[in-house]
Amino acid sequence: MNKPDQPLYYADYLQLDRLLSSQAPRSGEHDKAAHDETLFIVVHQVYELWFKEILHELNSVIDMFGKNYVNEKEIGIAVLRLGRITEIQKLLIDQLRVLETMTPLDFLEFRDLLHPASGFQSFQFRLIENKFGMNPEQRLLFNKEVYYAHLSPSHQDLVKRTEQEPSLFKVVESWLERTPFLEFQGFKFWTHYRRAVEEMLHADRENILKNPISSDEEKEQQLRELHVNEEYFIALLEEQKHNELVSKGHRRLSHRATQAALLIELYRDEPILHIPFRLLTVLTDMDEQFTAWRYRHALMVHRMIGNKIGTGGSTGYNYLKATVDKYKVFSDLFNLSTFLIPRSKLPDLPEEVRRNLGFYY
Amino acid sequence: MNKPDQPLYYADYLQLDRLLSSQAPRSGEHDKAAHDETLFIVVHQVYELWFKEILHELNSVIDMFGKNYVNEKEIGIAVLRLGRITEIQKLLIDQLRVLETMTPLDFLEFRDLLHPASGFQSFQFRLIENKFGMNPEQRLLFNKEVYYAHLSPSHQDLVKRTEQEPSLFKVVESWLERTPFLEFQGFKFWTHYRRAVEEMLHADRENILKNPISSDEEKEQQLRELHVNEEYFIALLEEQKHNELVSKGHRRLSHRATQAALLIELYRDEPILHIPFRLLTVLTDMDEQFTAWRYRHALMVHRMIGNKIGTGGSTGYNYLKATVDKYKVFSDLFNLSTFLIPRSKLPDLPEEVRRNLGFYY
Amino acid sequence: MNKPDQPLYYADYLQLDRLLSSQAPRSGEHDKAAHDETLFIVVHQVYELWFKEILHELNSVIDMFGKNYVNEKEIGIAVLRLGRITEIQKLLIDQLRVLETMTPLDFLEFRDLLHPASGFQSFQFRLIENKFGMNPEQRLLFNKEVYYAHLSPSHQDLVKRTEQEPSLFKVVESWLERTPFLEFQGFKFWTHYRRAVEEMLHADRENILKNPISSDEEKEQQLRELHVNEEYFIALLEEQKHNELVSKGHRRLSHRATQAALLIELYRDEPILHIPFRLLTVLTDMDEQFTAWRYRHALMVHRMIGNKIGTGGSTGYNYLKATVDKYKVFSDLFNLSTFLIPRSKLPDLPEEVRRNLGFYY
Amino acid sequence: MNKPDQPLYYADYLQLDRLLSSQAPRSGEHDKAAHDETLFIVVHQVYELWFKEILHELNSVIDMFGKNYVNEKEIGIAVLRLGRITEIQKLLIDQLRVLETMTPLDFLEFRDLLHPASGFQSFQFRLIENKFGMNPEQRLLFNKEVYYAHLSPSHQDLVKRTEQEPSLFKVVESWLERTPFLEFQGFKFWTHYRRAVEEMLHADRENILKNPISSDEEKEQQLRELHVNEEYFIALLEEQKHNELVSKGHRRLSHRATQAALLIELYRDEPILHIPFRLLTVLTDMDEQFTAWRYRHALMVHRMIGNKIGTGGSTGYNYLKATVDKYKVFSDLFNLSTFLIPRSKLPDLPEEVRRNLGFYY
């Protein structure tokens, strides 16, 4: 675009000629231009530019973690890049406020001209969902159609291909499974964790039974609660139970990856586990922000076009609302909090192990 | 507090002695202080201070609109005060980010010491809900108990009393019902609106039937959609149908108030209707922000304490999620978008009427 | 772009083919692509898209106010559109956080390849400054060159032309000067305001002199302060003094427009003055946000490229910092607070006048 | 406050009785309560609560780094706690929007009653400045008085004491000076860095001289720029020059600490330097946010009370503006960007050294 040795001009570098001539309001073509259609186009174009950037970051991190061996250096870089995505996500949410300065009545001035185009057709957003790790089986049908039904053939291909490719979820799961620290120089994390849980639950039971103040009825109630609690831990501790939950779709992360995630959370202050801990945190942040975005987006749609039930039996608003929770990718990381136990209940790592989890010089 | 003629000191004015000595971490009393408990206390105290301010504004606006005659001047003031609430609401949401810098494991260091205290016990938040206009019948039971079950007796009294008192919803509804403009100097809004709707639907039907390209099957499908649309408008146009929906809980705003809200939305650029339009907008904003807050709060709870099912059969997270949509107060204003028709389909107001809706000098 | 009767496709409507192929990192051309250059391009493209939207809104408001008679309806619309700009401005500021996820070292990987392109060359930003109302005389030279020195010839033309065209500042000033309410049905605002100020200053003097507690020294000090205060008000009350300040560049808004702005601020609760009051508020908001943006931008530049003094004797950071305050457009509206007097010191409007400032039905 | 074994109540835990009864508007005492004074009090109380929390975090990090040996584990914890402060800082800035919903005219209703109390008297904010590391010599006089002149005697003592105590700046500087990696297993960072700089500057000179296209005049100009650049690097490379700049107040960080900071920035991807890199980043973030806060605060003051020149010759607004840049604490970290050189120009670390900067297992 720029001849060599010619000084670079800002407008050329950013291709502003193309960029700033890519807004073609439909209302202008037909009749009187609707003032707010320009806003509508610009807002959506900004979304798509951010989506491109998110994909750029996602792809780079998937590449790093997709290798059989993840260079220690790259984990820190990955955390920074995913952190960048969370900063963009905050903008995606805040940006809805700008769109909401357009009132429903103003939208009505050109809404019908856009039919049937809609945000459902953002193929980049579908790519992001798949690259992030949405399970195709999680997806809801909309009016009995798959989510890519209304994409152009080439966009459909792109999207379907990412269903097969490694996602961030998958590569992180594999990386977790490879963690060497679950059994490390004679220290077996799972054995220690299991024992700590059992002791904690045992002590809880003793406390209930020996409490001189509480009535029999209260004790029974507390024991029932304890039982639920125990069942919960058993479903984690027994690999088979865990796998059953996976097959039913109540868990997704493999048993070994779950163990590794728990280890990282519990021993996160050991220098070698600190960056991995930041990684798990930023994944949870991303998931939370996507989920918050879905919710705020659904609210905005409700406000903008109401809640008219279509012949398919569902409304845009209700469909969007239904996807909000269902489309979380790292739910298992959220649920991990259920299985944390206070640090005081965990053994310190053996000195030898600790030394190896720190830096050595 | 301050003797007359004594110069006022910032710290005395703000009562900082009391304010800054009101953080008493529980973890310090028992054993080793948990560093993050101070954050936990401060965040919640900040919430409560903002709640006090929100109540201050809500009360003042309810007072203004609770009178039989609302001074024209006061509508502008009310919009500014409610706008202030929306600015506070944005902070309430953003503030969750500060709380989330506390990890679940850090929370675990003192969580059990707080039992059974919880945000469920914020009586000020319950007052806000009721003052804003939450219908007691909308409320969900939590573990079979009413929402104020765990408040102190005096806080219960405060909360229950607000269930009986005029809410923002109620006073705004009454004010809408009193609008003189529905029938104004011979101009009957509802007659015009009905006619415009009927013409629009008729034209839609003609367009479907006469379309030379579409197949019979397509036409049938389109006619079915149109029929749903017609039913929707009928439910608005016929007072009796509307009242049936109200009695079933699908609508809340009275038929007359709904008409007035629609008039304001459609003729919002007339000077006299402009500030009322801003009022409806800010009410929708508030509702949207409360709803977004509920959702983000539920996400944070999920992240912080997981999703363990209690003996009552529900988890905090699931309960909170269930309240999110159900607790909207001005849903009818959101749904209003369904009934808007393009300005071009509406008659201009008669010159005489318009002159009276503008300023006169 | 779209054949008539062909269903519109989201990606075609937004011209995503062009939009998403307009990122051409320079680092890729030469050698190894620098990962963060994509971010750098996308962030700047998003800025330019928002700038286009801001210009769209500014132009529409300048058109409305540029007419000899501003339709009352349009003031409300103008406030909404300028309010939209302030929402965009918040994003412009928050967006810097995304850019700051790129570290200075990462920027260094491709920074030299961009030479001499820079944000100084954003012609759209210059258009915004001029349309908003920046006075060409306010501008600072950078390395002895005018601000448009490095724009392409056609962009220079565009920018220079806007220096001549009506700006938001100019059209609002004219509109203020035309206000009929300064002398309205026998009520002369300026006479009343002057009298209220004089009484206030007289009472202040009496209070100082009669205070039995304060020493002579204290009294002298207080009288000196009062004198400064009096001088300040005189510079407002005497048109000639005001005009002197204008000619020295200490004030910009004409005397009559200043009076009108003061009237609007002081009687803002009168329905007819309420929307004009919102207009003055949103203009101040815009100015504040632009100023805050300049400051945050300067900080980011400091952080990203340090503070090396160039041969021209100035650094980018120092230049940017120097523009921050100097480039405010509506300073006079900020300074207006100096001249407000408590409402209790102002006469109520005569009943007849008030009735005409309200709605009439 | 809570008897043992009694269930904890949310309102008791947070001491809501005291908290919510600590708002005593002055306007109510005298005459008619000014509606917005409650907002004014609440906003300032929220600021003070956040200040308490910031001090809690600052103190804990100063304690960690104040020891002769900083546990590797604690650096990660420090980064998280300082990161929490930056999240709070964002709220401090955004919160100004809430205060700005109070118009200057509304403030005038009670402003005089507060005299002479003012935010200048926030002793907690002064403690934060000192703990963060503000140099007492950086401070400006306001009307010829020191910054703590109007504090109560006990608050003055608190504030003056922190001028003597270790600040975050000081303990971080000492920690940087102790870095073992500047000379590590035969690898001398400074020697390598110096050589890389010299080669870079030499190559630049060659490029200028040998360029066949540029005129003599252009070459001279480019050589002058290069010379400035060289001087800049010399002032860093020569310890004596650096110390001169320190004694003149142009630098603050010691020469050895500056070297260490540069090492960390340049080799930040080495696992052992990654968390230290995050530490330097979060310190810069904090400084940027404080600075941005000062600026936004000054703008708000301008808007709220105008810019009347006092007898002392300065206005609140001008004083506040003057402090903005002057009060930066970690300017040297911002300026560090000036001295970065592209990674490609730096030697890779010797394999043996790298292995020791990574994890070992």
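Chains: A, B, C and D, in written order; residue numbering restarts at 1 for each.
Heads up, the rule we're going with is that contacts are C-beta pairs under 8 Å (C-beta built on N, C-alpha and C of every residue); 3 or more make two chains touch, one makes a residue touch a chain.
What you see is a predicted model; the values in this text were computed from it and never measured.
Listed by label, the chains that touch subunit C and also subunit D are A, B. Against reference pair B-D, the listed pairs C-D, A-C or A-D yield one interface repeat, A-C (criterion: more than half of contact pairs the same by residue number). With centres defined by CA atoms alone, the chain at the far end from subunit B is D. Taking B-C and A-C together, the pair of chains sharing more C-beta contacts is A-C. Taking each chain's centre as the mean of its C-alpha atoms, subunit B lies 33 Å from subunit C.
Centre to centre, using the average C-alpha position, subunit A and subunit B are separated by 28 Å.
Each chain gets one centre point, the mean of its Cα atoms, and the points for subunit A and subunit C are 39 Å apart.
Annotation for subunit B: residues 268 touch two or more other chains. Considering their complex, residues 5, 72-73, 76-77, 180, 184, 213, 268-272, 274-275, 356-361 of subunit D touch subunit A.
Those residues of subunit A whose C-beta lies close enough to touch subunit B in the complex are 103-105, 108-109, 221, 224-225, 228-229, 232, 265-266, 268, 281, 284, 288, 291-292, 295-296, 299, 302-311, 321, 324-325, 334-343.
Residues 1, 7-16, 18-20, 22-24, 26, 35, 38-39, 41-42, 44-46, 48-50, 52-53, 56, 60, 80, 83-84, 87-88, 90-91, 94-95, 97-98, 101, 113-124, 152, 155 of subunit D touch subunit B in their complex.
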